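A short worksheet on the structure shown next.
Each chain gets a letter, A, B, C and D, in the order it is written, and its residues are counted from 1.
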């Protein structure tokens, strides 16, 4: 019996069951905290027709940018997606549908999806294109928009450390969308820098409890930096 | 200039501005993780007509039970409130209004209040007394109830450690409702076991960022146990 | 022979699967933890903010900051995690808990459950029960088949205020294991030595009885 | 003389108060951090999950796991905290951030702002801007008074797709500080040496001019 050992050793095992036309969430903000190996593995697998939920869409040749190269994304749901030229081409030509969502609303829609909340009201986007076609309502004299939750067939997230039971700890701003996406995926795969034994992570300090994580794989990370900004010492 | 030093040294300072008829959230689950000294200070102050939001209502003579003695609570919002006899008396005599709310809905209403979400849908309570008079709606063929958020004039929470800037860390199951209540209070006062200097808490491990906390006071805790259940060694 | 509390718990424990995350209610459900088949791993969720609840502490390990949803002092197992009540119920409401076991005053053939309030008696509150029945993937109710006056609690329609609607699929009593579907209780197993007739007599709701009703098996 | 980018940032910095939690947008708003009055403490919030953003790192301190919302490598100050995007926007949406400073293409006399989309050009997305204008307690917009062709961007009614409605109270341009209320821009201050006439000429929206319009003061 496997009990709660969720560690897999190959990307094939990690992505088992992923099929064309599924909805996939991918963690990260820009190139910070993205599951690099899993993204590459989906590229290698060639899965197509994906609805991809991610705050950004990578850059040319790295991160989700490589899914664009193979035309693997049918619909992209994100808040800020234009850091690469190919994206622009696919978007303007209509090859790819793009649903722009305010970043906080995106985060909350994903959080709601994992938490069993089918919809919630938010003031964000009221009176803008984002609210078009959506129900609005006043509470205490202020206007709000009803936003439905998001869930995914697969969530690909990146963590710093995992134990074998899938408990996750993130590091600095590489946390970003990863915890909510972990909770909102039917199958959540965590690609991590280090796998430790149960008991090695402080139970008070676990960011994502293992109940949300189905598979854990140790990855290798390039951690490319988009805007290397420094000051002189 | 005080900058971000939120430490106060007396309960008078901690509760400055608290007035009759306000709404007050009080953290804890049973007697675990309750702000004992702040509860006692409100009792001493004698503030009346309070709408009190707390999962439980203490026991006779301890925790929120002492607010009952002085008839300080006008309306009690909680999920499980009957651990003391005085409560029963006040409830049945109509001296105190009681609004029973499912525990998860209560937690989410408070979380929503702090997060600027005025209302959300949940399946919890559909078809029961809890849903009476509330809007219901189907999503994907399932029925949900619309629940409004809760906020408070004052939130009294208990943490394990705070730094002087109000960053909080909780311990074990004493976390419970405290983090959401910290976010949902206009004025949040954290009563803690230990106050440390900024930088002593790992920024990755802070449960409640200081932005939610207005005042910090070092308390003394009896930590009474309701159900001391042990096994033989 | 009707089952005792421990035997009911033992029968429920057979429904566990390796790798399950499980929330056990107060009373008989709590006893289920004692009968989890050997070699099988399950993680117990306590809705006050703990995944990986362990057994009661020895006297020297009692910690007032570590209790379960029944407010009893407990321990945490290796690999446990603590979290807030909002996160805990996100887990429950979001369908991440595989199985919930809880008690009830009444269930009916539509899968409705009444477990939190008896009008005229003091109402202490529903705690997390409404969230648990609305959120868990699978729910098993443990209860006695009838009250002390012999009146059935396995009903056509619940008479007490409901905890949840159309949510209960499996009921384990001192007499029987039943599945609720298509508006009826389907008799799956009977307690050793208990007759189908006794079960039928004590069941008010529509009871579907197959040609053969096996006895429960205990190791 | 019209202000340069740094002077606009310097003027905005005068709106800070000790103990403020502040979110600074990309561009001129980022420069505001350089002019926070001495002895005053503010904490900078970066919406990708950091409260307590510090200056850019020295070369040896660059950490790919530590960036700001503009994806630049940054540092964290003593007393900082990291959190998820959901927590970050809970903070923003819930009104816990005292002040947001952000740029705009257009603002109008109703307090509407357009800052994320120019039809016909590529739309990259609104990022966190819509949440920030919906959630912050106070919002200051920094922008140029008119475009390169001299056309006002301080309008009766925004022409571009909106980022938020009725939310902007204060605008700081290279020419003026204005408060928006009661459907008009109220001129509060003018840049040193800039005439009220120039401001009036470059303002399309309704402009309320008091008898005396002081010049901005810089230390």
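Definition applied: a contact is a pair of C-beta atoms (placed from the backbone, for glycine too) under 8 Å apart; a residue touches a chain by one contact, two chains touch by 3 or more.
The structure displayed is predicted, hence computed values, not measured ones.
Colleague: Chains touching chain B and chain C alike, please list them.
Modeller: Neighbours common to chain B and chain C are A.
Colleague: Consider the two chain pairs A-D and A-C; indicate the one with the greater count of contacting C-beta pairs.
Modeller: If we tally the contacting C-beta pairs, A-D comes out ahead.
Colleague: Tell me which chain's centre, taken as the mean of its C-alpha atoms, is farthest from chain D.
Modeller: Max centre-to-centre separation from chain D belongs to C.
Colleague: Whole-Å distance, chain A centre to chain B centre, using C-alpha means?
Modeller: Distance between chain centres, rounded to whole Å: 32 Å.
Colleague: Quick one: report the Å distance separating chain C from chain D, using the average Cα coordinate of each chain.
Modeller: Once rounded, the distance between the two centres reads 55 Å.
Colleague: Chain A to chain C: how many Å between their CA centres?
Modeller: 35
Colleague: Taking each chain's centre as the mean of its CA atoms, how far is chain A from chain D in angstrom?
Modeller: So the centre of chain A lies 29 Å away from the centre of chain D.
Colleague: If a residue has to touch 2 or more other chains to count, which residues of chain A qualify?
Modeller: In chain A, 108, 111, 115-117, 122-123, 170-172, 175, 203-204 touch at least two other chains.
Colleague: Which positions in chain C are in touch with at least two other chains?
Modeller: Those would be 76, 82-83, 89-90, 92-93, 135.
Colleague: Could you run through all the chain pairs that touch each other?
Modeller: Chain pairs that touch: A-B, A-C, A-D, B-C, B-D.
Colleague: Considering the complex alone, what residue numbers of chain D touch chain B?
Modeller: Within the complex, chain D contacts chain B at residues 18-19, 21, 39-41, 43, 45, 51-52, 76, 78-83, 87, 89-97, 135.
Colleague: Please give the residue numbers of chain A that touch chain B in the complex, ascending.
Modeller: Result: residues 108, 112, 115-123, 139-140, 142, 144, 148, 169-172, 175, 203-205 of chain A touch chain B.
Colleague: For chain C, which residues are in contact with chain B within the complex?
Modeller: So the residues of chain C in touch with chain B come to 46-50, 55-60, 62-68, 70-74, 76, 82-86, 88-90, 92-93, 112, 117, 122-131, 134-135, 161-166.
Colleague: Across the complex, what residues on chain A touch chain C?
Modeller: Per the stated touch rule, the residues are 1-4, 111, 113-117, 163, 165, 167, 183, 198-199, 203-204, 206, 209-212.
Colleague: If we count contacts the way the header does, which residues on chain A are in touch with chain D in the complex?
Modeller: 29-33, 55, 78-83, 88, 91-92, 100, 102-108, 110-111, 122-130, 160, 170-180, 207, 223-233
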